[in-house]
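Two complexes follow with chain A in common, the first pairing it with chain B and the second with chain C.
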Partner chain A sequence: MHISEGVLSGPVLAGGWALSAVGVGLGLKRLDYDRLMTVAILSAAFFVGSLIHVPIGPVSAHLILNGLLGAILGPAAFPAIAVALLLQAVLFQYGGLIVLGANVFDMAGPAVACAFAFGPLLRRAGKARAVGAFCCGFFAVLLAALLTACALALSGEGFVATAKAIVVAHVPIMLVEGAVTAMAVGFLAKVRPELLVHAPTR
Partner chain B sequence: MIDELLARGASPIHALDARCRLTACLLLSLPAAMAQGLAAPLGILGLGLLLTLLSRPPLGVVLRRTAAVNVFVAFLWLFVPAATPGEPVWTFHGLTVTREGLDLALLTTVKANAVFFCVLSLLATIPAPALGRAMTALGVPAKFSFLFVFTYRYLHVIAEEYGRLVVAARLRGFAPATNARTYRTYAALLAMVLVRAYDRSQRVYQAMLLRGFHGRFPSLDRFRAGWPDKVFLCLMALAAALAAYGDWISRSGHA
Partner chain C sequence: MKNLILNRMKPVAASLAFLAVLAAPALAHRVNVFAYVEGNDVVVECSYSRSERVRFGEVEVLDAATGAALLAGKTDEKGEFRFPVPPAVRAAKADLRIVLKAGEGHQNATEVKAAEYLSTAPDAAAATTAAPIASAPPSPPVAPVAAAGPVAAASAPVQTVSQTGGQGGAAPALDAAALERIVEAAVEKKIAPLRAILVAEKEKGPGLTEIVGGLGWLVGLAGIAAYFAAKGKKPRS
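Up next is the complex of A and B:
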């Protein structure tokens, strides 16, 4: 779900950069050098994970995984997503530097918000954790699609139809993300519970 | 899949200082992305194409990436011309294509491609480690550059690990389809990649501490901006200013 360069209007681009700078700044402030390496390598794992194409009916879509990243990293998901998107710009030229701010906020904002909203559920056991993880995956994509759509719609009346199409197209992806996030969190809770302890408590 | 296909080369662009290229990329992208008329982004597009030629990239890579960028643009052409209110040009089964819609779609296409060629020639030609240091030199927080450099460093390792797991799954008869089993398998694959990435990060960090890591990396090669770098940066700044000024003139001319 990338917005390409050249679509958004000046104020939306500037707003995206400002919000992302604040998010990255806050995320980095809480992140000390002991955990930096872990965040970097997990960010790489997410970059790779988001290249996974899963079949959904007749088509396939790639996973976004911002909800899972938020569930594991908490606020540090913000800089992690920023880094991954910058790398996509450098390696594949998906979006340039100007639209990067908006794209980072669209993806990372929902990731961190969901981590705070459903973090307490993630720390419980059994069904509550599965529900929390599903919500993380589902709502992170839903919010990301809505933010992307808002950024488009705010940039011009002509983009409103595109914005609606983006939200509708992401409904099946939300369900798959929710399911995959729930199963992945269940797996991690069994195999490496310490990976989940950085989810925010409040 | 994740190689820096453009970062190594012996072209005049590759010889420029990484900080200058990063700054020039930002300077040129800005007026192209903000423009409201066609002239400024067209000018930047021409300059971007020229810079891309100068950087002598492999043609296949350029074509593939240009196509990828324009897929999203094509998606916009499906919706925007008929969704923008304005003077109708063409009506088809109740859809009205407007002049304003066509103009907006065309402007977006030119802008997207203008920024794309700037990024392709100026940003993609910088190897990731040098880009990390260039960002720090230009005031980006050191922790962010650290994350960037190490995410890049481990991308290939993790991708290889994931590839191995996929091969193992396939050898055991895994065929993706739309069912719960597929999603469970992907979730397990993904979680396994994360577990291994986490374990690896612990080992790497311990190894770094053992070698005396205390938050920064001393680097052997220094940035050196000679007069060609300065001249290049000035020229690019001039071009960006011209584009911005031209767009501003055309905007106030219409008002």
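Up next is the complex of A and C:
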């Protein structure tokens, strides 16, 4: 879901940068010094996650992990994803530097939105938390796909067809990410609850 | 309980999704576009990272200097698009800029310098446009003697050219144009594997160096942030 250089129109690119700058700023403001390493580690997970291809029949799609970052980091997922995408653009030539703003917002916006939306569920224990984490992983990818389609639609591609193509191709990834997020959050809540931004209330 | 049902549903949902995905274009990080000159044609090979071909991707050919659109087309099943260099472009010695639009935000571009297609002698190229060789590069006429055997289809144009030299001779006299074409075909055949290596090299995903380098950057950035955060906090004494 990295949008390539030269596809988006000027206003969309500028809008992406503006929204991303605000998101990164707010994320950094809310970032606690003690959680710095958690953010860096998850940023690394996001950076490498896109290299892990999940074979689904003849096609393969890669993990995105934005929901996982949202569920664990909350607003701090924004800077984490921004840095990881910057490194992917520079080192892997995925996306590009000019479209970075739009790509960051497409990925990190849904992550943080899901973290807020499912926060109450994540704070509870047991099944509620698992469901919340699954939804976080699932909907973060879905929203990211829709935002990507939106950005493309604003730059001239038809929205419905593009959105359909992107969403349909990502349905398996949504399910996989939901499961991964549910497992990761469940595991962390058991062994290292202090790592979670939505620390479970006991 | 909810989870249990969800887990049971997963394979069903996944297989449904899989069926739907078959029809949808593959989504990847980036697309690669690689162009080279073969005879009078420019061949454009398009693939996603992970060597999946770009089927029916839109290809636009522009004048690299002016940006004027010259021609457009779609890649075939194998992610290939082939077009003859237009005579007007050849006359103007213009560099070609080839833009691939694979849809869903995937786009990439490459350039073919004028020198690349000009080196394939315009005189010979003019001749090949008339002869069917241009459309059948995989089985080029190696030599008139050998062409009489399995390469029946390709033998026709060669014979028409070598008529002047007399048939059946062990070493028929060839005119310069025909000889040039044969040499070109032979060279083409020899460098085909090299070209395949080049394409594969370009399609390769990020290597260990890039991955480890990126992780190093993240550790370094976290270190810098930690340093400044710690500086702000006065040590408790």
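The rule is short, and it goes like this: the second predicted complex is superposed on the first by the 180 of 202 C-alpha atoms of A that agree within 3 Å, B and C clash if a C-alpha of one lies under 4 Å from a C-alpha of the other, contacts with A are read in each partner's own complex, and residues count from 1 in each chain.
The rule we apply is simple: a contact is a pair of C-beta atoms (placed from the backbone, for glycine too) under 8 Å apart; a residue touches a chain by one contact, two chains touch by 3 or more.
Here the structure is a predicted model, which means the values were calculated and not measured.
Annotation: superposed three-chain arrangement on chain A; chain B versus chain C shows a clash. Legend: residue contacts after superposition of the two complexes on their common chain; A:Val180 is shown touching chain B, with no touch to chain C. In the superposed model, A:Lys127 lies in contact with chain C only, and not with chain B. Among chain B and chain C, the chain that touches a larger number of residues in chain A is B. Looking at the shared chain after the overlay, A:Thr148 reaches chain C, while chain B stays out of its contact range. Legend: residue contacts after superposition of the two complexes on their common chain; A:Glu5 is shown touching both chain B and chain C. Residue contacts after overlaying the shared chain place A:Ser43 against chain B and chain C alike. When the two complexes are overlaid on their common chain A, residue A:Gly156 makes contact with chain B while staying clear of chain C. Touch criterion met: A:Val83 reaches chain B and chain C at once. Once the complexes are superposed on chain A, the part of chain B occupying the same space as chain C corresponds, among 7-15, 25-33, 133-141 or 151-159, to 151-159.
Judged by the document's definition of touching, chain A residues 2, 4-8, 33, 36-37, 39-40, 43-44, 47-48, 51, 56-57, 83-84, 87, 91-94, 157, 162, 165, 179 lie at the interface with chain B and also at the interface with chain C.
Interface residues of chain A facing chain C in the complex, by the touch rule stated above, are 1-8, 33, 36-37, 39-40, 43-44, 47-48, 50-51, 53, 56-62, 83-84, 87-88, 91-95, 127, 130-131, 134, 148, 151-152, 157, 162, 165-166, 168-172, 175, 179. Residue ranges on chain A touching chain B, taken from their complex, read 2, 4-8, 10, 13, 24-25, 28, 31, 33-34, 36-45, 47-49, 51-52, 54-57, 63, 65, 68, 72, 79-80, 82-84, 86-87, 89-94, 96-99, 156-162, 165, 176, 179-184, 187-188, 191-192, 195. Only residues 1-4, 25-26, 29-30, 32-34, 41, 65, 68-69, 72-73, 75-76, 79-80, 82-85, 100-101, 104-105, 107-116, 118-120, 123-124, 126, 128, 131, 141, 143-144, 146-148, 150-155, 157-159, 162, 176-178, 180, 182-184, 186-195, 197-198, 200-202, 204-205, 208, 215 of chain B touch chain A when the two sit together in their complex.
Chain C contributes residues 1-3, 6, 10, 13-14, 17-18, 20-22, 24-31, 50, 52, 101, 103-109, 205-206, 210-211, 213-215, 217-219, 221-222, 225-226, 229-230, 233 to its touches with chain A in the complex.
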